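Below, each structure is written out as structure tokens.
In what comes next, chain A is part of two complexes: it sits with chain B in the first one and with chain C in the second one.
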Partner chain A sequence: MSIAEERLLAFAEEKLVTVPFDVYRYDPARGGQPRYQHYELRLAPHTPVLTGLLRIRDEIDPTLALRYSCRSAICGSCAMLVNSKSRLACKTPVGPEVKEHGRIVIDPMRNQPILRDLVVDQQPFWNRYEQMEPHLILDPKRPMPKDGPTRMSPTEVERFKETPRCISCAACYSACPAVEADPEFPGPMALAKLYRFVVDPRDGATQARLQKIQTNGLWLCLRCHLCTEACPKEVRPSERIRDLKELAVEAQGGTEPGSRHAIGFLKNIESAGTLNELKLVRQTSGLGGLVAALPQGVRMWRKKPEITKSPHPIEGIDEVKKIYEALDGKKKGKE
Partner chain B sequence: MKLAYYPGCVAQESGKELDMATRWVCRALGIELVGFPSFSCCGSGFMDEANEVLNVALNARNLAIAEKAGLDLLTICSTCQGMLSLANVRLNDPTVKGRVDAALKPLGIEYRGTAKVKHLLRVLTEDVGLDAIKAKVVRPLSGLKVGAFYGCHLLRPADEMNWESGEEPHAFEDLLAAVGATPVYYRGRVMCCGFPIQFVKPATAERISARQIDDAKAHGADAMATPCPLCHISLDGYQNQAAKAAGHRLDMPVFHLPQVVGLALGATAEELGLPRHMVPTDGALAKIGSKAVA
Partner chain C sequence: MLQHDIVVVGAGLAGQRAALAAAKAGHDVALVSKLHPLRSHSGAAQGGINAAIGKDDSVETHIYDTVKGSDYLGDQDAIEFFCQQAGPTVIEMEHFGTIFSRADDGSLARRAFGGAGFPRTIYAADRTGLALLQGIYEHLGTETIRMYDEWFLLSIIVRDGRAQGITAFDRKTSKIEGIAAKAVIVATGPFGRIYGRTTNAHSCTGDGVAAAYRAGANLKDMEFVQFHPTALLESSILITEGARGEGGILKNGQGERFMARYAPHVLDLASRDVVSRAIVTEVKEGRGFPGGYVHLELMHLGKEKIESRLQEICDFARSYAGVDPVTDPIPVYPAQHYMMGGISTNMNGETNIPGLYAAGEAACVSIHGANRLGGNSLLETLVFGKQAGIAAAAYVTTAGDTELLPEDLERETAKFRALWDRKEGESPRAVRTELQQTMDKLVGIYRLPDELYDALRKVRELQERYRTVHVVDPSTTYNIDLSDALEVGHLLDLAEVIVVGAIARTESRGAHSRVDFPVRDDKNWMKHTIAHRAPGGPELSYSPVGYTHFDPKERVY
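And then the complex of A and B:
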């Protein structure tokens, strides 16, 4: 029996379970307050949440508005909150959710204005994406050949093997606390896609792209990895953003507080092997920043006098210094 | 139980109370801590952004120190836990491993990849066990509603941290219940505290930490507790700033994880370093009938 046949058989033998749905309903055209509507279905545990919602719409309540298309995790249309997690409804089975939570609460995605029920206005999300200029800006030194496709080596392609999987579903954007807190942050997908063009050997705008993003939100990523949990295609946006930060540091580090802090931290540890908290503030924010931080610093110093002490170098600091010598060859950025 | 104690930078400096509380709790539970004055900083996520391979190499050196002593590492910081674990993960990449080995070999350091990294929360819930802790509780934290605040790097990326769910963990809540407190579930418990951008854009960082504190409060929390001293800096150290960003008072006492356990096991506020907090913990202590701190 093939694996597919075995799976089919396993599904066929599944017992149906009662799945309670609480679905967010809101229609601004009709006014009134958002509310949750309760539905119950008998479903096999492997059934995707989307199938459940479509059965609700088709069999119980034709007024439920939701966005979907392919039902196969390809089109990226059906991202929503499933028990508070940003997920593709078509890729999330009902069974584990009912087991963990006893019910399935469905909300529209976060960080985007709600149009109706589960449908959000994705325009802000697309606008941020477009700001990344997500297309090749050809390197004149490496023009497209006239008589055939341009070629990349497997090693070159390897550098951005994850990002082409992205289906722009916005689950990462919905899950991101930086997007929620600061309109300057372009969002995980926009940055992951930017990374893809920065490392594309055919692209000639690498430096300009890095320069632009350094001062436009790159360093607002919190590296909380909530986007990586939400991403249905294993693009791992938080890791692509990390890669982008390291490239930005290499290319033109130290031009704004974010990279200054990363570089400052790197240099901070080199001298004693352990963190000098006070010195780090100066390294990131300069003397002016240190003065600005003074009132808060004094307030904390009263309870925690250690913050002004320089740490003793660790035992084996020479080993640490030698590791720096071996691997921090390119002396990065201006101090 | 004997573990290589990796306190991390903050617990040896501004977050000294975390170190005090950890030592007290480990003593009470019979966990022997072996210190290594040669451990270096984990890089705190910042160094990783400036030079990934250098960061992995420094942590490989840390891991090799514990490996040589035949001990697993005990961390008390979500970020240390995350960075040391990530070093183990990234050393699976042959290119990274090659560069790291080449830097360590001339120093006579070899890391074979066997050192396990465990956060105190995991040691308490899995190795010591909730029943053993329950048996030692002398002052149950009854009536105290506590919002756990995990700290990102303890949980995520979940496939690499290889422990709890990255979005719906429960170990901390289980532990809180075991010491008699009432765990409070709120969305912010798995979110970011804002610390990584405290120096990049303080206003945004403070809005983020205020959001999580408000969320805990809206769900009825009398106090919060965190297994991460960096989260503690944001939630407690900078709470006055967060309150300004939010435009209202927050008044949320924030405990370190071992302080909550220590209180239940009978430690005094002074032994746990509670007077060192920026936000007074008196109100929370009064709820469990403990002596208020000055």
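And then the complex of A and C:
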């Protein structure tokens, strides 16, 4: 028997384990308080959480409400919290969850109003997606070819590598603390979608899209990468947001506090290897911003007077400069 | 009462394409779906969409391959139109924004698919359905269409010999509404959940097909059920034909490339019915792996190719079968995959009921005949979705106003309440499970008359038991217990038609393999089965196959 066959047999004949589920239950239409309901099943460790929940519905409790359809991680219906993490239930095996947490706690996704049990109201999520104008906007000067498909170079195609995999499951949206904190933030999925249109060679509104998003939430991303951790399809939304920021700065320079902060940060480190807080405030928010920050600055100065002084370049500043030169060269090489 | 010019039920590729065509013609269009449109099962299609756009290829060859693939049951006139539309359709979708995979020169990449004379399947990695669904949905956003997301269809209202609209309920409130419309387009996709071993999503329960059948629409060729040769062993999750198109091979338990015995010329890329039968035969004759399956090997393609072109199925194999296709063979066995049959339509999506249209997998034109070729179903959704939208748009410009009467709504509400208010009875899911086990066991790839009769008895017994199923959940919000019960009713109606059609057809053609009638019988059976609902069950009649110039030949791959 080959190793592969052995592995497969082991997989098929895995010993069943007891899987304790604690599932969030709440039906606002019928009143009462949210509660957790306990269920137990005997399942093979590789069984997806969704299969477990459907078995609960089939065998124990048909009143459990959840969204699901394809059971193969392509329709994006069954995102929920599995032991507090935003996951697709159909793509999360029960074994490792039980091993790590001893049980499986299931909650509805975050950042979306609960309709019932695990079903959330996704309208706000879809609205943010719609705000990105998620369709090709043609430049009248560059119409589509009359009798054939558009040609795309391998470099152009390469930029589409991750974003078409998005299944709109909202796991990223659920995991995002910026969405929770700020209703202005479009969220990771919407921004990844926007990136997909910004890099599309067929789209004629790249600059307008970048300009619009710069003042509409692009710089509100906290760079925590929780969306990338949550994404079941490797879209890596936080990296697409970073790509958008780079494109925005490259195309439009420091027009917004967000982009000016990024540029200021970069320059600070290049010149001294460390941050000059005072200078950074001015670079980000201008003189007006500096004046506005004055009361806070005074309080900081009382505790730490050295903040007003320009910091000396750090000891290894030459090494820092070499990194910058190397990165510059790499960028030029790319171009 | 809600009112629109045209109501489209089902928001997958066919439904969205129909809605788009109708809206572009200037009509007030409603799009009703029990899921958000982007969650439709069209998105699960992996392999690709056929179009003879290569210099070495021709529309004529695509037509021939499709006629041959259909085992001469496809309508040749419809197939000609269909294949001629392929190039323009793919180009249009590219212009709408679909992100296809590209060849090095920047043109659309193509891969080989089963039963095709040339590599003519255009693709987007192994998620072509998702790419097209995103493309059409994005473009649909530029039109004004009234969306009824997560609304569940109850019935199609036919009165005075024409469709008058639908009744449906919002899953968030369970409140029944009537939507009056001059034309109704059904695009609710397949009903693969009649089977337990199916690649179809849980939502594929034929709601629109059952509603049309109950409203008096004819169903066509329902006995032709396609089994995909390569579904993952335990979960029946689809492993695209593209995997073999990229060079994947099938091996039996003795390490033998068994397709050489069944299709000496094209081997693993024979038509789906041929490959599925080969796998079942290998396993039945003791040459499968213990537990009853064969291997799909990709390892020789190399990590780079596997991970770039077959990204999703890599993920599936790793997540759902515990094997890594880069280093291990994938355990596969056939599973129900596609319904060639459906609501009987002509090339314009018209049914036997004025004002009622159908498109996509819910419909049967028929271009797939007795066996569909891979890469032709995505194309069908778009070509005939558009046709149905255009035809419905033309119809409503001259058709008089329709209305739903209070009694239309009362009748549906009474049925709905009767189901929901029942105080005791069997679980709808218990009935569903027995139906699925019955169909898996008795109405599979090889069909025996005794088994088919057993299946019919069982389905009718289940229909009886269905009358007393009990919905336990009292909630009006997202009540899946209730939608399960409604869906099981649809599955039972359609299963009966499949079995009755299979009993009657005493020949073997395409996906319908009768052990007692192992050869194709063109003299008696080159005709479509038409099923019409009657009190005692489906009544069958037959209609001729559209013929242009391809005379039936023996199918050799």
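Just so it is clear, the second predicted complex is superposed on the first by the 300 of 335 C-alpha atoms of A that agree within 3 Å, B and C clash if a C-alpha of one lies under 4 Å from a C-alpha of the other, contacts with A are read in each partner's own complex, and residues count from 1 in each chain.
Throughout what follows, a contact is a pair of C-beta atoms (placed from the backbone, for glycine too) under 8 Å apart; a residue touches a chain by one contact, two chains touch by 3 or more.
Keep in mind that this is a model prediction, so the values were computed, not measured.
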Clash-or-fit label for the pair chain B, chain C on chain A
fit
Which angle, in steps of 10°, is spanned at chain A by chain B and chain C when each chain is reduced to its C-alpha centre?
150
Report for A:I307: first if it touches chain B alone, second if chain C alone, otherwise both or neither.
first
Look at A:S153 in the shared chain and tell me whether it touches chain B only, chain C only, both, or neither; answer first, second, both or neither.
second
Scan A:T228 for contacts with chain B and chain C and give back first, second, both or neither.
first
Contact-wise, after the overlay, does A:R209 reach chain B, chain C, both or neither (first, second, both, neither)?
neither
Output check: A:R128 vs chain B and chain C. Expected answer is one of first, second, both, neither. What do you get?
neither
Let me test your reading of the model: by the given contact rule, A:R240 touches which partner, first (chain B), second (chain C), both or neither?
neither
Given the touch rule stated above, what does A:S84 touch, chain B (first), chain C (second), both, or neither?
first
Least Cα-Cα separation in the three-chain superposition, chain B to chain C, whole Å, stands at 16
Complex contact set, residues of chain C against chain A
35-36, 38-41, 43-44, 90-91, 94-97, 99-102, 104-108, 124-125, 127, 130-131, 134, 138-139, 141-142, 172, 201-203, 233-235, 237-238, 289-291, 311-312, 315-316, 319-323, 327-329, 331, 427, 429, 433, 472-481, 484
Looking at the complex, which residues from chain A come into contact with chain B?
84-85, 100, 177-178, 180-182, 219-226, 228-229, 236, 238-239, 242, 245-246, 249, 253, 257-259, 261-263, 265-266, 269, 273-275, 277, 280-281, 284-285, 289, 296, 299-300, 303-304, 306-307, 309, 311, 314-316, 319-320, 322-324, 326-328, 332
Which of the residues in chain B end up touching chain A in this complex?
9-10, 12-16, 37-41, 43-54, 57-58, 61, 99, 102-104, 106-107, 109, 152-153, 156-158, 166-168, 187, 190-192, 194, 196-197, 199-201, 204, 207-208, 211, 237-238, 240-241, 275-278
Listed in rising order, chain A residues that touch chain C in their complex are 4-5, 7-9, 11-12, 27-30, 46, 48, 57-58, 62-77, 91, 93, 115-117, 119, 122, 126, 130, 134-136, 144, 147-154, 157, 160, 164-165, 167-168, 196, 200, 202
